[in-house]
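Okay, so chain A shows up in both of these, paired with chain B first and chain C after.
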Partner chain A sequence: MNYRFLALVSGLVVSAVVATAPVAGQAGATGARPNGSPPKAYAAPRTPDGQPDLQGIWTNATYTPLERPKNVTKEFYTPEEALQLAKRAALEESDQTEPGTVADVHYDFTQFGLDRSQGTMALNLRTSLIVDPADGRLPPLSAEGQRRAAERAAARKSRGGPHDSVQNEPLSARCILMDRNGPPMLGGAYNNDYQIMQAPGYVMILTEMLHDARIIPLDGRPHLPPNVRQWTGSSRGHWEGQTLVVETTNLTDKFAFQGSSENMRLTERFTRVAEDTIRYQFTVEDPATWTRSWSAEVPWKKTIGPIFEHACHEGNYGLYNTLAGARAEEKRAAEEAAKKKSPK
Partner chain B sequence: MRKWLRRALTVSLGLTLAVIAAAGQTRTYRASRAADGKPNFNGIWQALNEAYWDIEAHAAAPSPVIELGAAHAVAGGLSIIEGGTLPYKPEALAKKQQNYANRLELDPEIKCYLPGVPRANYMPYPFQVIQGPKYIMMIYTYGGAVRTIYMDEHKEAPADSWMGWSNGHWDGDALVVDTTGFNDKTWFDRAGNFHSDALHVVERYTATSPDHLLYEATIEDPNVFTRPWKISMLLYRRLEKNAQIMEFRCVEFVEELMYGHLRKKPGK
Partner chain C sequence: MRMRRAVVGVGVALLLAAAPVMAHHAFSAEFDINKPFKFRGILTQWEMINPHSWFHFDVRDESGTVVSWMIEGGSPNQLIKQGVTKHTLAIGTEMTIEGYQAKDGTNKGVGRNLVLADGRRLFLGGAASSPDNKPAGK
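So, the complex of A and B:
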């Protein structure tokens, strides 16, 4: 653990120092310009067909939580505070298993440099990704939102335990959808890598996790008919100055981002605010869930490729073993119970 | 039949064949250009043939699942292979026949596994090309499979994968894609035609009209075949104004098939 921790923290210091200055400047600019217009100093290069150029390989890795911790009242940390918190988070990640123990035989992503502290990460001074409401927390549930949350909890319970069937397992364990895919696209514990490509009339965002390509048409075509629902919905984009605005509807209630309904309307805004930074903002409107809309923001930093094939489903031994293990445990418990009933 | 009539028919048939052959080789077409001056292959494309059932010539046949009746019956089709048949080594041919006999259990498509190359290009669904000077991406409906073709960062495959590692270059107006680094788990079709991890695919994409690409691929795998072999077909542009790649997350559709037997039994 010691070696690994030293490597982690020293690596983090370097990247954090490099990242501090621009992020601090950016935080100020964001406060002054809530509509996402970039600081005047930077203008993104243009693609040959005239779109602001967002192309490249990016990461949205962050330790910043979606919601502001309850004991924090301010919107921004100082760079020193943010660095301290990032170091603590890096240490917790490196501590997930103790080397030399049986638990450490399990796949430990910090060993392979996959965790956030060992890769590119913006030192975000924000205390939460949520920027609106001002308290940095999800708004209260609407009456309908409360009712549906209760119904969903009851339905979950009636379906049995988490390992009773494959359908009860989390979507990420089933290789169907990850937080990185969204939408909205939010980082996770590791592999927060994306590649953006632009062709005339389209922006394509490839999430490395689940080799998931979001193809966003820019030609103003209508959304899919309301009866056609997709895990990632129907996304349509347009440019507002330097900002790519993507509106998404036609979602399902199966992903239920933060408990949302299938009628959630998502607006994402991508603005290249520096050579190596895209500001990613999103607004969620879903009166069937929350009493008001809410917005969040996270920087995407330029990182190195290439994006590799993430054949999650094809190598999903974990899912099989989880279910098979649960059935084996039940069998063993039943046999022991039977033994107790009829001794000898 | 009288001699003169037979001769006349032979001559006219010969002429027809010559015309068809010429039509198939309208390589003189000059494709529209992308911003970097290269042929522009951006768009949504789809093969229109029956090779996804069997890349060799085959007659129509019943569905391997009786309940699906005619809805999932095999459509007859002609070979896409130059010379008609696959040059299997004898032991590989035996494995192909086993694959066919057990295709419901073994075909990776049934489990929603990534399709590999060239199979991805002639599955019965559209795919979209997003083209840039450095990267050309092919995004397939089936399983959301994705290929990135590296146009200037050529390198060896860092590891084996389902879709392989693709290095591309322009040969005149043809896009040539050299793909290696495959695993041995994908097939060429639903008939059990297979390869090993020594598979090497060299593809050529050539525009023959604004809405057609001639797709050719030379396939080499000395573990399975006695010699390299070549396939060719046309890819057609999807011209509907609202054409788009729809979500096809088939993982969800195969969960019951793959893990249903691991469901907790009621009352236990």
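So, the complex of A and C:
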């Protein structure tokens, strides 16, 4: 952290807030910008076969939380508040942790350009990504949702400790799936980039991390049969005016988005609202989990490439090291216990 | 740092979710908080790979014997966007590495700080894309 970096953050944040304000405003209840002027009409360019052109490299990096903080009651920050918050979040992220703490057992994000303020970031005036319910928070769990959450917790416990076996490690550590993949696709700490490509009848979304190509047919074909379940489900798309609408079903109960069930039905909407911005909205319908449907929205900002292949298994020595570390600790603990039992 | 943060944060009583310092896996499970180290090493290989890059060093121990260490760093994806390539960092570069050793006791560690002989921190914050501040290690 240095003053040059602070200046960089300030510049980035100012431009991002200004650029994103109309996006936040258009989605507001009045449909107008926060300053009251009407939203500017933007028509996306067209691909040679006539689809609105969403192609390019985009990022959904954000400091905005999915759920509204409990001490916040409004839907939007003022640009000044958003600027202050983004500066503080950037400082905290680049500070990371205090030396000597457990969380400090980590490389320095800033040395690898991985803190969000070093990259492109569309700042949102919204106080939460969730736009519905109006309180910006996940709806209550349904009775079935509560029961399943308890069952999942019990099942996890019965499998032992988090490092007892490779299957107990999170999907991310096993290079299977990350929050960037979704769906829905939400940013994480870093590498929040996507490449959209369009061909007649198809849209392809490449997720940088973990390098997953999501191929979405647009030809009206039905979803996969109900017995076929996939990590990222079965996605089918169509155009509604300027908006690409993608419906996803056939998810698996091996992966739960915020506690969702395998029968979650997800509708995502991609609208290019400016040359450098896509408005990404999604609605989750899952009565087996929540008492009502809910929706969220996050801007995707155009960014630079290339996207380097995130070949996750290639250098995933960490998985081995973690398991080896856990076994070494068990051995040490057993030896100490044995010493205590039979002191010489 | 605390002072600057306090100045920036003043007047805003609203909280964002804490910025997660969370990578692809739990580093605290891989490395031991009770085994910090600091030594000088000569770079012998940089694996510019995902999910995390790995730096290989030759390190002279207290008895004068050269031993090999592997140091885990971050995903290289953003560095590549900033113009850093696997040739940016020359083999043979000397660095001071501060970090924590693997829990299994082998010569592996996480590189909390990688500092070049002239005191510059490796790849620090956007330096790679700044024309008057060439990528470290060149």
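Heads up, the rule we're going with is that the second predicted complex is superposed on the first by the 294 of 344 C-alpha atoms of A that agree within 3 Å, B and C clash if a C-alpha of one lies under 4 Å from a C-alpha of the other, contacts with A are read in each partner's own complex, and residues count from 1 in each chain.
Rule of thumb we're sticking to: contacts are C-beta pairs under 8 Å (C-beta built on N, C-alpha and C of every residue); 3 or more make two chains touch, one makes a residue touch a chain.
Computed from a prediction, not measured in an experiment: that's the story for all the values here.
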item: Fit-or-clash call for chain B and chain C when the two complexes are aligned on chain A; value: fit
item: Partner chain(s) touched by A:Arg159 [first = chain B, second = chain C, both, neither]; value: neither
item: Which partner, chain B or chain C, touches more chain A residues; value: C
item: First (chain B), second (chain C), both or neither touched by A:Pro65; value: second
item: Contacts of A:Arg292 with chain B and chain C, given as first, second, both or neither; value: neither
item: Which of chain B and chain C A:Ala324 touches, first, second, both or neither; value: both
item: First, second, both or neither for A:Ile176, with chain B first and chain C second; value: first
item: First (chain B), second (chain C), both or neither touched by A:Lys87; value: second
item: Chain A-centred angle between chain C and chain B, computed on Cα centres after superposition, in steps of 10 °; value: 80
item: First, second, both or neither for A:Ala189, with chain B first and chain C second; value: second
item: Partner chain(s) touched by A:Ile307 [first = chain B, second = chain C, both, neither]; value: both
item: Touched partner set for A:Thr232, first chain B, second chain C, both or neither; value: first
item: Closest Cα approach, chain C to chain B, once both complexes are overlaid on chain A (Å); value: 5
item: Doubly contacted residues of chain A, that is, touched by chain B and again by chain C; value: 163, 175, 306-309, 311, 314, 319, 324, 326-327
item: Chain B-facing residues of chain A, complex; value: 47-49, 55, 160-161, 163-167, 174-177, 195, 197-200, 202, 204, 206, 210-213, 215, 217, 221, 230-232, 306-309, 311, 313-314, 319-320, 323-324, 326-327, 330, 334
item: For the chain A and chain C complex, residues of the former touching the latter; value: 1-2, 4-6, 8, 63-65, 69, 71-72, 77, 81, 84-85, 87-89, 91-97, 99-116, 118-119, 127, 162-163, 169-170, 172-173, 175, 178, 188-191, 193, 208-209, 304-312, 314-319, 321-322, 324-329
item: Touching residues (chain side chain C, partner chain A) in the complex; value: 1, 4-5, 8-9, 11-33, 47, 49-54, 70, 72-82, 99-100, 102-106, 108, 110-114, 121-126, 128
item: Chain A contact footprint on chain B (complex, rising order); value: 35-36, 42, 112-114, 128, 130-132, 135, 137, 139, 144-146, 148, 150, 153, 158-159, 161-163, 185, 241-242, 244-247, 249, 251-252, 255-256, 258-260, 262-264, 268
